[in-house]
Amino acid sequence: MNGYCALLAVTTGLVPALLLAASPAAAEEISALVWCDHTDEAFLKPFTDATGITVNVKDYEGTGTALSLVDQSQPGDWDVFVVDTTDVKRVVARGLLAPLNPDDFPLSDVPEAVRLPDYHTVDGKMYAVPEKFGYNAIAFDKSKVTEAQARDITTLWNPAFKGQVAIYDYYLPIIGQVAVALGKKPQDLTEADLPAIKEKLLAMRENSALVGDIVTSQTALATGQVGILAGGGEYAVAGIAADKPNLDWVLPDVGGIRWQQAIGVFADSKKKADATKFVQYVLSPAGQAALATSSCYWGMPASSKATLTPEQKKALRWDEQPTFLAKSYPYPSPTEAFDQKMQDLWAEVLQN
Amino acid sequence: MSATGDLSLDSVSKVYGETVAVDGVSFSVPRGSYVVLLGPSGSGKTTVLSMLGGFAFPSAGTVRINGQDVTHLPPARRPTATVFQDYALFPHLTVAGNVGFGLSVRRLARAEIRSKVLAALDLVGLSGFGDRAIAATSGGQRQRIALARAMVVEPEVLLLDEPLGALDLNLRRQMQEELRRIQRVEERTFVHVTHDQEEAMAIADVIVIMNRGRIEDIGAPERVYAAPRTRFSATFMGESTLIEGRVTASTGARVQVESPLGLLELPGKAAAGAKVTVAVRPENVTLADVGADGAGGGVPLGEVSVEDCIFQGSFVRLAGRTAAGLGLKARIDPSRVPAAGERVALRADPARLILLED
Amino acid sequence: MSAFLRSRLLGFADRTGALALTAGMLVFIYLPVATLVLFSFHSGRVPVPPFEGPTFDWYLKVLASDRVSGATLNSLMVGFGSSFVSTALAVLAAWGLARHRMPGRRVIEVLLYMPLAVSYLVIGLGLLLLFSTLGFGKSLWLVGIGHVVLNLPLAFVIIYAQIDREQARLEQAARDLGAGEVQVFFRITLPLLRIAILAAFVLSFTFSWDEFIVAFLLSGFDPTLPVVIWGMLRTGLDPQTNAAGTLVFLVSIIAAVLVELFLLGRRRR
Amino acid sequence: MTDTVTGVTPERKAARRQAVRGLALAAPAALWTFAFFLLPTLAIALWSFFRQQGRELVTVPGLDNYRRFFEQSAFVKGLWNSLEVTLLVTVFSVLLAYPLAWVIATRIAPRFQRLVLMLAVLPFWTSYVVRSYAWLLVLAPNGVINQTLLSLGFISEPLKLSFNQGATVLGFVHFFTMLCTLTIYSSLSRLDPKLHLAAADLGAGAFAIFWRVTLPLTMPGIASGAFLTFVVAVGDYVTPQILGGNNQLVLPQLILMQVIRRADIPMASALSMILMLLVVAAYLAAARWLTRGRA
């Protein structure tokens, strides 16, 4: 019987030992829950090189996904949170974010229209800082659709364009855009508006060839699968403008939706100082430039000091921002319950 | 009983669920015997061998080897080694690897293993085959390898489970002689299981005839053949015609039996009036009108009408039937072969008639 | 004569038909792979037709990427670790079940087969649920545990099928020659099973190496290669994905060819 | 042997020792499967009766999730889509794989069979995630298929081949044709060629031989391939997510939507239970041949 015991011991003991030996010694590291534009090595490496702090990133798409990830982890797992500006309050209400000291960050470099203190502050305490923004507008293929057609929001549900439309798979900007088309500000949406919105969404869905994440939508547009991407913007075309000059984006005449990301530090973080250092790096001119031109998607840096090349600024339409800002609305910022309602609506729409 | 023999079984039984595979088997043989367990399939002979080898434990009874109780010892700890049916050679080892296996698990020194393996291969006539892969050997060679592998561990008792079953007739004959030779050289007890009575007679010192889990007969081949104790062993040990009868007179070592073939006088002991069976082997029956020993020497068996004659080289098998409907078989000289339908008289050698008590 | 001609013609039609069918199927089967490999050499930034190139830049980029190399290391660790555990557990269980009379054997067999009939997604979800309820954070460990769950039944089936009566007799023979149980296991059972064991190990490894959904649900900051590739697919339109995919393909193919050449090819059927 | 006094025969003692040893050897695998497969699956079953209310997990058992499943058309449609896709995939994979396996087993010289077979299933080992994505390139408007059809003049406009159920089915069929080819080939290659001769000798034509001898005898291979296809396809998320363009979502997509967007594990569990029911149904449908194949 001794032989058996030895055998069992070997099999059960050997593997863990091997794996333990193989796992690297823990260096200083922080964990960040981010949109995919924060995952580039070109963006993270300078920070690690300068501070010795490794940043573990986990990317998500959509606040709901981020909150699921947080729910499925243990307190203290996360240090840095990149979240849609419109959801900062919701996240703070869950007690996820730690208050920040405004003096730690170069907020004066952030233009007034982007700073949006109302969104970042709860009970007089600031919980996040703006880092990047852009538009969920209309991206289109100039060889298939004219700019006038792209600017006309009704094109999205015009049966003449059946099969020509792709929809970006994030319910908040798309529902927001439809609300704008119906003459409603996204922030003012209530449950009562949902039936009217659903009707338009279903009409759009009828026209659409696909509903896709960032890259799927991009691919569909780039391969000529579709002519219009609802919810698209510079994030979908600026990065590939050099290869695909026929792609462009516009804000619809009725007004468009603006996305904006904020970055904060988790309340349960055990490495708040390191996390804050990372937030400072993100807000620095170099960090802002790398973030703005990330391989996942491009977007306007929050800081006007971002060290971008003239070509990059042109692709991002740096100079046109005042007009765009004026013509665009931030995402809806729903309560948890309303958010669930919108998600149910979105699932319905996808399945039609 | 166990003190006298080197291998002894005492009331050994094996029960599998409802089935009694072996039912109270006892026998004992001296060291150096070549024992053959003979019986039809399902007679329990293989189960007995398993219990000797330690692959099955008896439900009751005792097995002793050299006086030591080995009834419940596992195979590895008994002084036995087995030559398996189909040999069970290890396909991943060479010939030498196979033969040396038992030595190497006993952690003998390499040089010692080598020399013993060489000697064993030499003994079975396979010198120089050590480095071959098992897949590259023939059936007969495998048989020898299996034998060498079992012999090399110097078992008190060598067990052979139908070792020659897979070989063709010529090779089987040759191997029978080999086995006998090796057993004599090594002076070990061999226990050999087979269902082939010719093989048994060719090699055994002692034949144990088994049927339905019991021993029907045990003894030297000549005795078991010539004077079987039971009806079963009489028929199993070779063809015989059975003739029912009644003892009419009994004088010392001879009896007179009244049978459908008339009065038969034969050796044996039985009370007058007892119902008996007389067994006659075909080779002891010839035509009444030929033969050197003359008409007076045999017991007449009456007339039969010839049903069939089959030429078998040195003799002819004759099958006939008496007027009363009893089938009789005879071996006759090929010099005169009767035609089918012909009526011929038969006689038997009275000394070779076998008396079986019911 | 005409019958001869007819049979010649039929034979020709038969051979051509067989050839056409095989060729057609091979085209279908290789179409996406060939496209993938081709576009890994695409010089444009957007990996869409028409093909421009060729260039090796994407390979250099992939090979230089810390994320990809880290994920490769993770995949190798999980692959080797989980395959080792799966195979070892499968060998012990197969030996235990095949060689010993015991009550409940059927129950254990069914238990061990069961994961084969449940989707990876459900298995992954169950583990996610279990571990998060117990308070374990996501990590490579959980992925490894999950992969053992996925591969254990497979390894068990392969090895169990090989532990046949023939082998039982050889083990008996070894015992008869004086081998103890441990000697029987290491000198007879394992060597006789080596082909089945290696096949189970390599198959487990390739499955683990390519497994996505369990790794996706259970890995934390140490994603395996498929998860990183999935991330690349979702987060950047870039021929790097094709290059990474081609490299993964290459590794799997080498494993598959090795198995075929050295193990299965030798097995007599 | 004093044990006989207490009624435990040495024979029975040996049997018990054997059972204990066998159980001890099987225990690690059995415990692993129990702890990391059966328990989680039972947890899923349990959670499916719980309810996620906002951030709260309501642990009062109820049928809310199942009710929601039938009330919300997205879920029921997901079930139908899953069934439709999986059945199409299973049928097409077998229909494509059988002729290929048959040609390899009967029309290729034996010593080349394994080579051709290996060649035919080699792309099976492509990264699973990447393989689906590669089909996007093939199916694109300017991809190989459309360009070939255009240049041959069969079509004047590129066809919309990707981002729909057809693309999902195609991606799946590609993968599972290889799998079914393996299982069907293995049962074909095990057929005794003498059976064909015997059937032909008894006067059966080529078709009759195939229909009445070859096909019935290779049913175990077909059934195991089809069952594997069904189980894997019905539970796969990657292929529909990449190729389906979020059109006609299937159950795994809905499950992951619950997990990664809403953290609604109870609903995901309920959907998983329904997914498992589908597999059980498929198993029962194929069991006749699956068990025969094993025996």
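Every chain is named by a letter (A, B, C and D) in the order it is written, and numbering of its residues begins at 1.
In this section, a contact is a pair of C-beta atoms (placed from the backbone, for glycine too) under 8 Å apart; a residue touches a chain by one contact, two chains touch by 3 or more.
In this text the structure is predicted, and so the values were computed from the model without any measurement.
Distance from chain C peaks, on a Cα-centroid basis, for B. Here A-D and B-D are compared, and the pair linked by more C-beta contacts is A-D.
The most central chain, judged by C-alpha centres against the centre of all protein C-alpha atoms, is C. Per-chain CA centroids place chain A at a distance of 36 Å from chain D. Centre-to-centre spacing of chain B and chain D amounts to 58 Å, using the average Cα coordinate of each chain.
Averaged C-alpha coordinates put the centre of chain C at 15 Å from the centre of chain D. Centre-to-centre, using mean CA coordinates, chain A is 90 Å away from chain B. Looking at chain D, one finds that residues 21, 24-25, 28, 140, 142-143, 242, 259 touch two or more other chains. Chain contacts: chain C has residues 48-49, 89, 92, 128, 180, 233 touching two or more partner chains. Within chain B, not a single residue touches two or more of the remaining chains. If you draw each protein chain as a dot and join the dots that touch, the picture is not a line, a loop, a star, or fully joined; it has some other shape.
Two chains count as a pair here when they touch; such pairs are A-C, A-D, B-C, B-D, C-D.
By the touch criterion stated above, chain C contacts chain A in their complex at residues 44-46, 48-49, 65-67, 77, 80-81, 84-85, 88-89, 92, 128, 132, 135-138, 141, 144, 180-182, 185, 220-221, 231, 233-238. Residues of chain A touching chain D in their complex: 1, 4, 8, 11-12, 60, 62, 64-65, 67-69, 71-72, 94, 163, 169, 209-212, 216, 219-220, 223-225, 336-337, 340, 343-344, 347-348, 350-351. If you check the complex, the residues on chain A that touch chain C are 2-4, 6-8, 11, 14-15, 18-19, 22, 31, 36, 39, 41, 56-59, 61, 72-74, 77, 213-216, 218-219, 222-223, 239-240, 242-244, 295-296.
Across the complex, chain B is touched by residues 1, 9-11, 14 of chain D. Residues of chain B that touch chain C in their complex: 53-55, 74-77, 80-82, 84, 86, 88, 90-92, 101-102, 105-106, 149-150, 153.
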